[in-house]
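First subunit A sits with subunit B, and in the next complex the same chain sits with subunit C.
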Partner chain A sequence: MERMSDETPRIGVFICHCGINIGGVVNVPEVVEYAKTLPNVVYGEENLYTCSSEGLSKIKEGIQKHNLNRVIVASCTPRTHEPLFRATCEEAGLNKYLFEMANIRDQCSWVHMGDHEAATEKAKDLMRMAVAKAGLLRPQEETEIDVAPSALVIGGGVAGMTAALCLANQGLSVHIVEKEHEMGGMLRYLHRLYPTMQNAPEVMDQLVNAVNSNKNIEILTSSVVKEVKGFIGNFEVTVQKGNGKTVNLGIGTIIVATGATNFEPFGMYGYKEYDNVITQLQLEQLLKSERLQNMKNVVMIQCVGSRQEGRSYCSRICCMTALKNSVLIKELYPDADIYVLYRDLQTYGKEYEEYYREVQKKDVEFIKYLPEKPPEISPGQNGKLNVNVYHSLIGEQVEIMADLVVLSTPLIQHEDAKDLSQKLKVPLGPNRFFLEAHVKLRPVDFATDGIYVCGCAHWPVDVGESISQAYGAASRASIPMAIKKLRTEAITAVVDEDICSGCGLCELTCPFKAILIEETEKGRKAKVIAASCKGCGACGAGCPQMAITMQHFTDEQLLAQVIALAEAIP
Partner chain B sequence: MTIQEKFEPDILGFLCNWCSYAGADLAGVSRFQYPPNVRIIRVMCSARVDSTIILEALIRGLDGVMVLGCHLGDCHYITGNYYTKRRMKTTKNVLEKTGVSPERLLIDWVSAAEGERFATLVTEFTERIRKLGPLGKETDLKPQQLRTRLVAAKEALAQERIRWLVGKEGELVEDKNVFGEKVSQEEFDQLLFQTIEKEFAKRRILLSMGEDALSVKEIAQRVEASPREVLRNMISLEQDGIVSVVGIEENSPKYRRVGE
Partner chain C sequence: MILLTEDSSVLVIGGGVAGIQASLDLADRGFRVYLVEETPSIGGRMAQLDKTFPTLDCSICILAPKMIECFRHPNITLLTYSEVKDVSGSVGKFAVKIIRKPRFVDETKCTGCGTCTQKCPVVEPSEFDVLLGDRKAIYMPFPQAVPRIATIDKDNCLYFTRAVCKICQKLCQADAVDFEQKPQEITLNVSAIIVATGFDLLNPSVINEYGYQRYKNVITSLEFERLANASGPTGGHVTRLSDGRIPDKVAFIQCVGSRGLGRGVSYCSSACCMYATKEAILIKEHEPDSEVFIFYIDLRASGKGFQDFIDRAKENWGIQYIRGRPGEILEDPRTKDLIIFCEHTVSREVRELRVDMVVLCPAFVPKESNKKLSENLKIRLDEYGFFKNEDSMLAPVDTNVPGVFICGCCQGPKDIPESVAEASGAAARAVEVIALTARKEAQ
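== the complex of A and B ==
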């Protein structure tokens, strides 16, 4: 039977010697005797090692024998040992949240080794504070929620299709929402893929066919996400279809794979002013449709519109794209002279440096220009273009008569990314790409549970990287669906609706979108989504009405600790 | 002549579970020694620390409070410590109004790997408070006066106006408001500190009034402020429904607390 907690607290304290780690500095018997004098403490004992199996049996025995409904272990740090002691309490039928720890080793005996008296006094203070909090502890329940066995993939490019296939092949149902009328994304415009020179249409067709023929995947083209409600495991997504109809989907997890678009360099280097100034993406299409005329001189300019004020990032794919397209032009017209005007060539990927060296052997000339002295374009004879560039490595001005100037422009985020980010309540970063939870440690997660990101929606990546990320995102997205049920955090914020004014500051504060304003019978009120709440307490400590209680770290409990500490002050 | 016993401050520390508490644990594991004056309360995030509880600790006689979180950008809860930073800026400003040195509140960041840094921070902070002496030594206030001011400060920090501003700071200063305007940090701080000053003055007035019906002049004497300033605050308090005019004596209205 679960032990009652609302009756008068009956606190048991177990004080650990930790061998000589604590006992060698802190006078443990004295602390035990002291603890027994504190309010609501009905039992106290010392253990050589409370975490040993013998010590744990003592806790269980104490709970039974003395009818304890709160347990305190004074020993090491809760960061390592709280789970063990909590589990022990649970085994003895005590709700694990009715357990409290006092850290008298890591933060006492180990750091005040030269002053046994002061360390013992501090241990007593920490004991008194723990007892004060323990008396106010309440049992907490971790509730379980079901996870809808269905994923939503937004975007039908290489990242989205790959992620969808990964999930579908695990037997999960997947919906792909693609705003264009056909699948494929950016891959539709590409010709060959570096470094293997594979045919982009072949890669795309394989993926599209696989997706089309997978019975677990539903494809919604010419469709956009209209509304997203709910939270991990239970998203309710409304999709606006091309025919004007809407469809409602019950979704467990969501993957954002909306890709990116190419920057159009209007007003730069004569783009749209001269017909023979084009972007790399346009060159891809000329090559793909075999419409590229015989060329004598081709100039490629790197970093057009990137790595500059307002768009500070490196688009990552353009260096390799320029190298690859140089090779393709050389294959078509071996006599063509190709000049790549670059700032820094960043061939960072696996074997890419090798590829660069191969291209260098093919008579492609690399000219390093300075951002403060960018190349200049002026009309030349016979429709050619005069490209004037300061070659910074040889310190000379170089003039090239070019048949074609190709601008390597960065991938940029879609216009409608902001709209989608607001619907999903996930953030965009400073360069307007979708912002992950942690750049190093959680690269495909959003801070909001149950939503993941892959491909160029996150940052410019090539096809190989898109696929890797799609695998990652699909794997992350499948976890909640594989477990089928989620345990919600018990330590969550709770709103007192009678005090809440519905101002919405908590909604603004919460980075996890775990607290939202809703219309209720009592008017606008904050509502906590327990499944999303991480229990940080930031909302409560800022609430203008002080209407939010952070469970397990309540104002009352913290105040009790402060008061207990202050008792010793004369 | 008696030899004064060396003053040993009582210090409270709020540490976040993920970084600073772990840093304190690491100090222990590494056996970095530091003065035994600090007692620690673990919270999940430094943003859990409501400014009012810091005042509560001082009211109850603590000599110094430290709030330690994860380094900015490393918060386990992403943005929590930014809220801590803004709230603590406000708390320090309120403290200044009471006459208590804001140096008694330490806000800093300690990662889980910075055991030595934790020990150093505690050592330096303890030394700082030792030098400052017992709480209030830096003022010439009597214990009861000091207490009343700290209570006024705590009540001010519980006020909706201040909490709303503090909560909105990030949005107002870093993003744009609904009209596409951005507020500069200086403009914001000016507004915030003015609001603090006003709210603190109002709380002091209310505390000084007790249950009495008082004229502006009488209140001004009690809080040692100019009658003009008090009158301005009385009008604002009346608008908020916290005080009410209960009579006129010698052409001067008498106020009494009614609301809250």
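== the complex of A and C ==
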């Protein structure tokens, strides 16, 4: 049963105290009384928490009892709560687009915390605007689309392979695109993995074999994503293969697992100037190929190129890598003295702190240096290096004659990440790592539907954490493919072909590639791909002919709000 | 509406953010989910927090929509105030006995109107407010509780203790109060089980020299969260428990019972450096002129955006970080101020710092109930009492029992996004293993 919307608007208003979050500042009863005086408002009430199950049943009750055909909630932000209130309207038989929200928390009680009267007046202004718009709301329909049961995993490292296997074992088909000529990613360069000390090549071979022998997985090595069109459930991906040929794939969901690369510390601590200054990654390979010579003194310097101007972040894995490699050196050469020059040791959590304690017992010396007094390196006798460092905890300058200096450098984003982010229309965040939809609650989703992220593409993490995230991304990516059908956004751009001049500005403006210029009987005209359109409004704002209208945000509706606001101005 | 597309069911034990995320992923994926929570409401630890780092999002504001989604989801059956009693069977066919503890309120009738809780004459400390605030003997643990159903605390209800009162029953318009309610046992058949039972905080009174529970103005970080929260016992004003005064100088102490030798636990609790920084910023937001100190050993800020958050705390908010673990805290008996004795290990000065309030950041510890649950499920615990994964690197959410998975802080300290990603991961593994088991059986 769908309530009619073209009949006279009967607006119900629900105003939330949010405990004292709103109610402690805004005079909610006064706003309710005010709202009831506004045109077409037939019902109004206040709730302690409109979003509680009690509040939601009040909305449903109000719709039934008072025959409401428009609902307004004045509370917090639509970003978190609009879906909930819309769904509630839908449950009561009201088209969910006949719902409007006024944000009287962020825009009133929070920003005008010190002035209760002004906050209350502003809440009334917002109410009046919401009521003006609500009367003009029209029901909107979401269409159903099919989802291709096939995933694309970009990156064939430990994260990508783990996610691919998890999806393939669920019966979904997976394509892995790896730009290198072989699978394995960063695992190919590693020797032993902390904290379990498993052999990286063994771990890698196991994964590669499992991926190779899984009939649901297609592997494309020496291949890159050339073009991505479409939208969740219906991505059209063109992959450029090593042999120069391209292949087109119909894809339901995409997982970005492109990993990271190691920072090369040119110009720092004599790197590339002295042969015995190497990176932790180079040490890893010396250990792996059993080419590490016996030596007396090894110095490891942490935070080389990280936690400093320009690259302010902590790369998370370097402390444990240094500890692990210290243990491996001690196993080979028990008499070697190892000094770890650190700033803050990142041996977080249950296991790593324990590992640190074990390493301390092995006579590895830890020296806390200060960023303002970093270690200095100068050539010493017999090809050794003089490492001079201020040991902040004992307050003395310490000099070490080092046979080998190992620099712990951060993981950084790949150069080509920007290119991929543009193709996928997903953002890079600070430090150029891929930016997830929400740092707390959506750690492996992108804001763009149907695209997910895991492993070092998102932030430096170790192997165990990459695997954990890869399973997480696999879960998220599997959902649309398993349920096979999706409902699309109803708030989209609509082109009035009679006015459109076919100039193409909208096509250039659209960040989602959701609008194209096509030849029609009436000439060149803009066409909206409704399923890709996010309803952002950029095309509408830019259109010189004013030929584009946003559903649910029509000029008429927006102007009504402006006029309602202006009523208060004498 | 997402309807069931799979034949299988999954049991999720624990209704915190990890259990919620695992349930939602599985339910969206088309599985029937039973979400069992021992307390009257889902929400877990995250529901108790004021803001979250590093974005300072209001914790309950971002969690509540997910809690409600669990409640409304057609594929999720919420079993709150319930416990797992017995588990038998194996992957693909577990039989789980659940005890539904009596709420003494009929879940099908209660509308959550709250009249009973207003009129109940018995005032008891609220567990949700870590005993700093009050609740009644018939109560809803917090305003956004899901489900919004009252529960009677039998140990303190006048009817149960002295056979008088019954005010709640008389007032209830819905006729939902039922003093005769008995524990109910139900059996569920599920294909897989996800454990997400979370963690507890160490009671820091074991670190005797910090004076917790002897000095009123020494509080824990979780107590701080409730004090800072607008729905908390002080309406969001961080005040001293001794005199209700807003403190001018506050010190946070890291690693209280963590990274310790001998007392407390030896591991690092992972989230404290960041949440202490967040709490320090909250103080400065409330009272810009206050002075805030954080005593630490190593600043552990290796997650996304964390170092920048700490840099902002130092540069924009003037939070003072002091490397050193205080040796002792003394209370000025007259003013109830606190005097912290500490060596600043970088400048190597011994300092005496007088503050108005001390916030201790205690170790994350395993829940006591883990032992019983591990016996029921036949899954292993680690040396500390957290659930142990099959391989900390290669099988982070698997256990020794196929079909039983673990996620979130029940397997060790971690922050919210790690718990959420892991919860989705556990859901994926459950789906994967159910699919593989079904295929094997079909062959």
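By definition in this document, the second predicted complex is superposed on the first by the 347 of 570 C-alpha atoms of A that agree within 3 Å, B and C clash if a C-alpha of one lies under 4 Å from a C-alpha of the other, contacts with A are read in each partner's own complex, and residues count from 1 in each chain.
Simple rule for what comes next: a residue touches a chain if its C-beta (ideal position, glycine included) is under 8 Å from a C-beta of that chain, and two chains touch if they have at least 3 such contacts.
None of these values were measured; they are calculated from a predicted model.
With both structures placed on the common chain, the touch criterion links A:L126 to subunit B but leaves subunit C unconnected. Shared-chain residue A:I104: touches no atom of subunit B or subunit C. When the two complexes are overlaid on their common chain A, residue A:L393 makes contact with subunit C while staying clear of subunit B.
In the superposition on chain A, A:A402 makes contact with neither subunit B nor subunit C. More residues of subunit A lie in touch with C than with the remaining chain of the pair subunit B and subunit C. In the superposition on chain A, A:N169 contacts subunit C only, with no contact to subunit B. Of the two partner chains placed by superposition, only subunit C is touched by A:Q198; subunit B is not. In the superposed model, A:R357 lies in contact with subunit C only, and not with subunit B. Within the superposed three-chain model, A:I11 lies out of touch with both subunit B and subunit C [touch as defined at top].
When the two complexes are overlaid on their common chain A, residue A:C543 makes contact with subunit B while staying clear of subunit C.
Note for the complex: subunit A touches subunit C at residues 19-21, 24, 48-49, 51-54, 56-57, 76, 80-81, 83-84, 87, 166, 169-171, 193, 195-196, 198, 203, 307, 312-316, 344-354, 357, 368, 370, 392-393, 395, 429-430, 433, 438-444, 454, 458-460, 462-465, 467-476, 478-479, 482-484. Subunit B makes touch with subunit A in their complex at residues 10, 12, 17, 21-22, 24-25, 27-29, 31-34, 36, 39-45, 47-51, 53, 56-57, 60-62, 76-80, 83, 87, 119, 158, 160, 163-164, 166-168, 171. Contact residues on subunit C toward subunit A in their complex (touch as defined above): 2, 5-6, 17, 21, 25, 28-30, 52, 54-55, 57, 61-66, 68-69, 71-72, 111-114, 143-148, 230-231, 235-236, 259, 266-268, 270, 298-308, 311, 345-346, 348, 382, 384, 386, 391-397, 412-414, 416-418, 420-429, 431-432, 435-436. Contacts from subunit A toward subunit B in the complex involve residues 77-79, 103, 105-108, 110-115, 118-119, 121-122, 125-126, 129, 437, 447, 491, 503, 505, 508-509, 511-512, 534-538, 540-546, 550, 553, 555, 558-559, 561-563, 565-566, 568-569.
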